[in-house]
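Heads up, there are several structures right after this.
Look for subunit A in each of the two complexes below; its partner is subunit B in the first and subunit C in the second.
Up next, the complex of A and B:
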């Protein structure tokens, strides 16, 4: 039952340059570490957060609110990790690949 | 924003000479200079900025595509070059595969929104398998420009 639960949170792009290539790369790398599905949406545009190509289609500028939806066995960890990236403006050191 | 709004027609390289990531980037920046989109005196500086950006992490995004880019004060609008590498170029992409299609972007530092919309536009079309396939099959600059126009008009 718990795996069917979708955890939702609104995240805000706070960094000046918006969701450009490097932030998208950091989100994708973080999402790929988890089994859970991780979706970021901007209005009708939904992006699989494990796909850099899909994240880039969000074109989210500074101040944009995005809906984060996570579902799966490690959903809370994934939710917190992706949220933290937004909170710190993607300033955390790049994780090793 | 459409592809034809920021891709420079004179900066389409339908067949890059065999080489590496740096030679590909140099050839593409040179094409922007020859097309009159950047000044000759800025060329080396732009190449260096793009290579420095690549050191932070490859812009190879999988599917045989790379999007090297920089923000640079020498341009007052978003501009892009396109190149095809029939032999493939090692771009140190995350998936380990060579790159056959390269979009190179140069955007003004004070217009982050335009840069994002350029990346969005390119990414959206690259998700289309037909677009990637037809682009790789293109032989001339004119073929590529026609394909970009069709993509802009959602005809692919």
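Up next, the complex of A and C:
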């Protein structure tokens, strides 16, 4: 798989509190486990998903749709892990679908 | 090249790389200079991050043990912030662009915090507080390390700071700190006095300038003229290197005077004593040729820690000074603090005064806190067993006040007698003449006190109603004002009439320009900043009493300060041409 390929997916914030400290922390932790670049954007605001500081600035409340962009050698893994966090509402351990 | 002007407090020229110290409120340097420093500054940044991580990890551990997992989670989020890849990357980029780590951190985190505040919503606004807290933590380490570095210097620097505390100044390593310059402070600040004692060229009261200076940039500090030059051009450097050398050889010549007798050409002995604040200054002061201590300021004992000094603290400090001057006079001034500077324990009791110079200070404070006062007097009387100790009361403004202070002293004598504690009985007791009311009533005072010591700093401040530390009116503070000369004349006449010693211990007596005048007025004893002793001795050795009397008689006829000072300057130039060359 070429590293230049950008994988995109739309994720939705379903948890009640939105992207507060704890959810952002979980996203950043997951993103930091991978070599690939992980970007979450809300409209024109783009955030490095490995950065807690940047994730906070998305100010994403419940119901917000975010664009997830991943590129790199382990892009698919990263994409799946981050998506899973969103779909389970940042509850751990993640429930199986 | 930029030129900054401040107050010259300790003469000499120093040239070298700048070391910029932040202050408690984190005023921070914007940039640093040499490209070779990038690695060094990056390293400083990461060391600070590591230190903050350790701090937060410790907090996390404590929270987990004491409060439970959910509280520890707060700190784990903070840990993630410290290690945030965007933070690190952006700060590193800025450092590579020659921003100081301090400035880079506050810019990057400041941006994020502002963004969160602007997004609206209570929750995010509160998170910006977390980010500001993180900024403070990192800055504290970056700047704090700099402060600590002061103690472990390995190469010469010029220290630039918002302010240096007296104890920071006292602990400066003379080998590596070539000079210093501060944004705040005045002539008579303790930091200035110490700089003079330690012979470190220094300029204070420059006003805000630190943000114009890059770390490790070349700086010139001209402590003789109160000038600081940032990033000087080649021509300026050559000029100052030359004057640095001239100053050194001048110092060497003056040093050779220290063994010669301090007397006028017609053989009249003049005693030059030293003003000190810290017991450690006594040794160097003696080396300068001081014939004793004419003013031992005891304030540091009260300001050094938050607790009140014990009798033993006082006693040990006094004994240390007496040891350096076993057969020469050592005059202790009792507590001279006031509402702007209160000893720790009393700070809460006196809310900030509107007008500190006219409020509870000095002897007034001592008389309101007899226990505090008695502790000091007991220690002084006990230490007096080991030398020629004398006690003087500061800021006496009425006869009644002096009598009250003497009463307290009698109580202390009685107590010591009753308790069978050894002490000396015949300690001379005198007063500072530094309030105009006392100078005016000198005749009456002279009948009751053991000696006068003219405190010109306060006398001038109160007579001319000018605070020299206040930049806006500092130019109105003139030692040569005829009103001051008239006050001094009155005090000298009263002392002579009643046959009591009178000396001058204010900054005026450390200024060679005024020395012939004061000698001409009849003063034979001066207590001065120790580093001024060799220079003053040179003036004395070039003077005759009749010449000095002529100078005084002429100066006393002049009507404005400027004329007095110009005339005295001209006379000094004629007396000691070499001395004036240094200016």
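Assorted remarks:
Rule of thumb we're sticking to: the second predicted complex is superposed on the first by the 91 of 97 C-alpha atoms of A that agree within 3 Å, B and C clash if a C-alpha of one lies under 4 Å from a C-alpha of the other, contacts with A are read in each partner's own complex, and residues count from 1 in each chain.
Criterion: a contact is a pair of C-beta atoms (placed from the backbone, for glycine too) under 8 Å apart; a residue touches a chain by one contact, two chains touch by 3 or more.
Note that the coordinates shown come from a computational prediction; the quantities given were computed from them, not determined experimentally.
Look at A:54: by the touch rule set out above, it reaches both subunit B and subunit C.
When both complexes are overlaid on chain A, the residue A:76 reaches neither subunit B nor subunit C. One of subunit B and subunit C touches more residues of subunit A, and that partner is B. In the overlay built on the shared chain, the residue A:16 is in contact with subunit B alone; subunit C does not reach it. By the document's definition of touching, both partners, subunit B and subunit C, reach A:25. In the superposition on chain A, A:6 makes contact with neither subunit B nor subunit C. Of the two partner chains, neither subunit B nor subunit C is touched by A:88. Comparing the two interfaces of subunit A, the one with subunit B and the one with subunit C have residues 20-22, 25, 52-54, 56-57, 59 in common.
On the subunit C side of its complex with subunit A, the touching residues are 73-74, 76-77, 80-81, 84-87, 112, 115-116, 119-121, 123-124, 127, 131.
Subunit A makes touch with subunit B in their complex at residues 16-22, 25, 52-54, 56-62, 94, 97.
Listed in rising order, the residues of subunit A touching subunit C in the complex are 20-22, 25, 28-29, 32, 48, 50-54, 56-57, 59. Of all residues in subunit B, only 56-57, 59, 61-63, 67, 69, 94, 112-113, 115-117, 119-120, 122-124, 126-127 touch subunit A in the complex they form.
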